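Each of the next two complexes has subunit A plus one more chain, namely subunit B in the first and subunit C in the second.
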Partner chain A sequence: MSTRNATLSGWLLCLPAIAIFGCFFLGPAFVGAYVSMHVWNGSSPTLAYAGLRNYTDLVGDGRFWNALWVTLAAFLAMALIKLPLALAIAVGLAKVGRMARFYRAALFLPYMLSTTTVAIIWIFLFDPYQGLVNQLLQDIGLESLQQGWLGQSSTALPIIVAGGVWWTFGLYVVLFTAALATMPRDYYDAARLETNSSFKILLHVTLPLLREQIFSSAVMLIGGVLGYMTGFILLLTGGGPAGHTETLGIVSHSLAFRALDFGHASAVSILVLLLVFSLIIVPTVRIARTRVEFR
Partner chain B sequence: MPDSSARNLATSGPATAMVHGLRHLFFTVLSLLTVGPVIWVVLLSFRTTREITLDPFALPTQYNLDNYRAVFTQPDIGLFLINSFITVAAALILVLIASTLAAYAIARIDFVGRQTLFVIFLISDSIPLIVIIVPLFIVVQHLGLSGTLLALILPYAAMNMGVSVYILRGFFRSINSDIEDAARLDHCGLLATIWYIILPIARPSLIVVAIINFISYWNEYFLATVLASSQRFFTLPAGLAATLVNKHGTNWPVMSAAVLMSMIPVLVLFAVTQDKIVRGWASAIR
Partner chain C sequence: MKVSWMPAMVFALFGAMFISVSPSAVAAPVEITMWDVPESQVYSDWWRKHAQAFNASHPDIHVTLEVFETEAYRSKIASALSAGTTPEIFYLPAGPQGFQAFRDRQARSLAGLLDATRFTDAAVRACSVEGTLVCMPLYVAPNLMYYNKMLFAASGIDPSRWADPSQPTWEEFAAACDAIKAKGKVPIALGNGDGWPGTMYMWSYQNRYGGVQELAAAAGGKGGVSFATAPGFKRAARSVAALGKSRYLPLGYNGITGGQKYALFTAGNAAIIYQGPWLLARIATDAAPDFKFGVFKFPSFKDGDPASQKDVIGGFDALFVNSRTNKTAAIAVFLNSFADPNIALSFMQDTQNVSVIKSVLATGMSPGVINDIAQITAAAPHISPWWDNYLSNAVADDATRTIQGLFDGSIAPDAFLAGMDKAAGR
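Now for the complex of A and B:
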């Protein structure tokens, strides 16, 4: 095939994907940047130019900062619980033999459930009156520990985070299991000559080899906290009590679809985009560079 | 050496067995934590509200299907179901066709801009949904799509395009190019080559991509609630949340029956193709 011919057919084959992806994923990101510099209620035919005022408003707004901290706290808590747990389980699963398949299916099951289903299960568990947890506490004589789990500021976010962990940690188990399976045996044989401590091998061999997977898991986690978790939080607490579970996703959603303030809502979205990219750009470049050096 | 290994066995035998036992105990407890709540929902779906208030843990006294019948008396349930089927099927067809063609081109044709294109698909994958949801709503309205199921179908197809292209490209790169060269010598056109030669070989990976996308579409809640212009266009997750969680928040047996029924396609698929799904997800992540 000549180069021109190849270029033409290459782009033609990509055209449907580019059209759908451009119009309904990448394009909207740019539309968001445009709207974020305007005042707009979402339906009026004209947008009033506002420059960067939406952004400066947000920076001066306590609600935005609260949401940023809630988002980061949820992300950190989920990362610190999910990743070590999933890694430990993946390492353990490699050693249980035939039962591994059964356990893996059981651990992956919650990931197959929809937002609605998981939210309903969480309501069943943590409802203050007939919820399983409070009933259980009563049955074993610990009435003093009964509380309105989702309605009080100290427990709402932890319960939401627990829901996120329960729902998706199976995916990370699968990810780490797959990564462990492709690891070169020689590294372990070499390490065994040096030390007998499984912990040291984990620390100095397994973890460094897994850092790409750990990194992409962290990226998925950010995406999740700002993606499917938004729907989950909307169903469980709607951001309450008093903003204690209000992530940036909830703020953007409520600004746009409740307050009809599309300018500020878009500005939140764009700040989220900048936040995510600023968090992932350094490790991405680093991993890309080591790949060039060693492979 | 034989001595020391024999001694090792002798001393570490019981200890190893105990570690082994503890490991199984750990995984059994963990499995109960993940499967337990789902089984509890199954049990709830056979009981009555009264029974649950008296004792939430008791087993159902009888296994009747009243709660399941009650789900169908809810208004609009049939409509949500039809919306779900149409949306998921259409989005699946779109994403499969478009991502197959694009992945094939990126993997097999050396054209100007293929790397850039691939990198764009890749990077966009780490853009959180919340970044595009507000502008997506605006775009859908301005294209006049609100008030049709296309308002959901096209964003769904776009949402999983990057992952699908990524998985399929990996597969297309792994197959031998001799067969295509032979096809070319026979003056077989590009589309004919893809259709008659590549697709049959690619079927296993296409099925994996289809399963992953099916589950993600069938379960999707957030976009469905935001992009549907009215309840008439809700899919099952959005519809069940709107009608059951808010209105009938206290009728747990009916809520249980409803979510369980909505999970049937995914659970059946998961039971039948567990290994494919797990492998697919593992390959979907970079």
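Now for the complex of A and C:
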């Protein structure tokens, strides 16, 4: 086969994926970018051109900056709790033996639950009057510690982050477990010639070899905070109290479907897209260039 | 004779097409889809039964009811309007979003379709845009204070001793709340996780202090009046902030959402709840059989606007018709069936909503809370509109979103009102 034919075949094989990506990802992104430069209420047949005004409005809007902060705080909190926890459990499971599959399945189970189901569980736990947590505090004589967990600015976001961690960290356990299982023992045997410290081996062998999975997990976490967590937060607090759990996804949703301001809503979405892209592009390229494959 | 297969194939194809489009012995019914929200279970049940009965009595029309959860429906209908995929009939409050859909030619005029003479004048006015009827009003939903009679009695409160048993003064109301609190119960069942239950207090305080004229002036921004400068609005915002600081509200009220906000009242955890008549269905299904309750109007203020002290805050929910449909004759038959006196009466009795059909209100019905509510509503000098039915979506959304901060003190009253002005583009 000539080089030209090989190239053509390659493009033809990629065509379905490119078509799907174009129709369902690139196309909507371009439509979003177009709408973000217009004033549109969502039902009018015409859109009024606004240039970059929707973007400059957002830059001067405290709500946008608050939501950006909440989004980053939720991401950082989930990353700092979820990834080390999942990694620790994955490393632990590698040593458990026969029961590892059972524990892995048990930990993965919450991930199978729908957003609504997890939200209902969390409401059953943290409702101030009928929730299990406040009931428990009352039963053990600690009424003074009862809180309106989801209605207070100091506790609402931590409770939501805890819910997000419990719900999805099983997925990361499975990811790390699978990656650990494929690592050649040679690296560890070589490392043990240098040190007997398990911590040092974790730091200098396991973590570097897992960097691709850790980075992928971080990207999935960003997607999660802006994606499925939006629905979770909407069901639990709607972004309240007073914006303390309002992420950029909720701002975009609220602007589009409550205020019927699709221009500003699209501008938020485009800014989110640019933010995520700028966060992941450099590490993605670097990891792709220095990829390690085990044979 | 040799017969080519090609002409035979073409003939067969055309024959099949002819058969498929030719009128059959029984014409297929006109399919109509209606989107609705489950205001309560009995409300959804009533519509299902009504659609079934209508389909049975009208073989040439088939109505399919699709019901969506209220909060999800906000997104659903906005998406459908933007994509032009609304069904023939769709639910919306008689307010800015539906009216904008009419102006944007997504919803059609109902003039000539609906017999408006069977509806109350107030309902027809609420569903009209510049004199054109654009939606069919379903019911009027006045906000009233529902109280738990047993908790009131246990706290030594007897509404019949109030100067006006149907409406306390603010001092009488505050004394009742103090007495309930002293008994270790929560006075007011405010579940403000969704924001809108809290805005009801803001609307009502503003009505009592400044009245409907001030609301219209501030909304229109005429004569230099704004939300931040109107005295009634300023005082109302301060009153909401003070209510948030009072000990009358439940623990974590800003995080209580969905059905939990009603459960505070129906489970007997709190004595008073300020809601619309949809609460009646919740009480019927969720409260204990011996649960006894009554209603009174939002308190009056001696130093408030004299013209508005007896007002009721309320809104109209409605059905709109897609402008692109050509099934208007069938839609007209279905919509007008709602105004049938017997059907309208069953709607009011079964769903516990205040009817907007003249014949039902003129005839009256068996004594009951819903009848009391209908009488209170009819006697009110004004029905001051819900803000989310009256103000622009941007302003109403801003108020609903920031009201939690006004209650918990993280947003100052002046900042709350300034936010509304900003959302109004001022």
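Assume the second predicted complex is superposed on the first by the 266 of 295 C-alpha atoms of A that agree within 3 Å, B and C clash if a C-alpha of one lies under 4 Å from a C-alpha of the other, contacts with A are read in each partner's own complex, and residues count from 1 in each chain.
Here is the rule we use: a residue touches a chain if its C-beta (ideal position, glycine included) is under 8 Å from a C-beta of that chain, and two chains touch if they have at least 3 such contacts.
Given the structure is predicted, the values throughout are model-derived calculations rather than measurements.
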{"item": "First, second, both or neither for A:L113, with subunit B first and subunit C second", "value": "first"}
{"item": "Of subunit B and subunit C, the chain that contacts the larger number of subunit A residues", "value": "B"}
{"item": "Touching partner for A:S44 - first (subunit B), second (subunit C), both, neither", "value": "second"}
{"item": "Touched partner set for A:Q130, first subunit B, second subunit C, both or neither", "value": "both"}
{"item": "Contacts of A:L175 with subunit B and subunit C, given as first, second, both or neither", "value": "first"}
{"item": "Touched partner set for A:F262, first subunit B, second subunit C, both or neither", "value": "both"}
{"item": "Partner chain in contact with A:S153 - subunit B first, subunit C second, else both or neither", "value": "second"}
{"item": "Partner chain in contact with A:G243 - subunit B first, subunit C second, else both or neither", "value": "second"}
{"item": "Which of subunit B and subunit C A:S254 touches, first, second, both or neither", "value": "second"}
{"item": "Contacts of A:Y187 with subunit B and subunit C, given as first, second, both or neither", "value": "neither"}
{"item": "Overlap of the subunit B and subunit C footprints on subunit A, listed as residue numbers", "value": "42, 123, 130, 234-235, 253, 256-257, 262"}
{"item": "Residues of subunit C touching subunit A in the complex", "value": "71, 74-75, 78-79, 81-82, 97, 100-101, 104-106, 192-195, 250-258, 260, 263-264, 267, 269, 393-394, 397-398, 400-402, 404-405, 408, 410-411, 423"}
{"item": "Subunit B partner contacts - residues on subunit A that touch it in the complex", "value": "1, 3, 6-11, 13-14, 16-18, 20-21, 23-32, 35, 42, 89, 92-93, 95-96, 99, 101-110, 112-117, 119-121, 123-125, 130, 132, 135, 139, 166, 170-171, 174-175, 177-178, 212-213, 216-217, 219-220, 222-223, 225-228, 230-231, 234-235, 248-249, 252-253, 256-257, 262, 265-266, 269-270, 272-273, 276, 280"}
{"item": "Of subunit B, residues touching subunit A in the complex", "value": "23-24, 26-27, 30-31, 33-35, 37-38, 40-41, 44, 52-53, 56-57, 94-95, 97-99, 101-102, 104-106, 109-114, 117, 120-121, 124, 126-140, 143, 154-155, 157-159, 161-162, 165, 190, 215, 218-222, 225-226, 236-238, 240-241, 244-245, 249, 252, 255-256, 259, 262-263, 266-267, 270, 274-275, 277-279, 281-283, 285-286"}
{"item": "Footprint of subunit C on subunit A - complex, ascending", "value": "41-45, 123, 126-130, 146-153, 156, 234-243, 253-254, 256-262"}
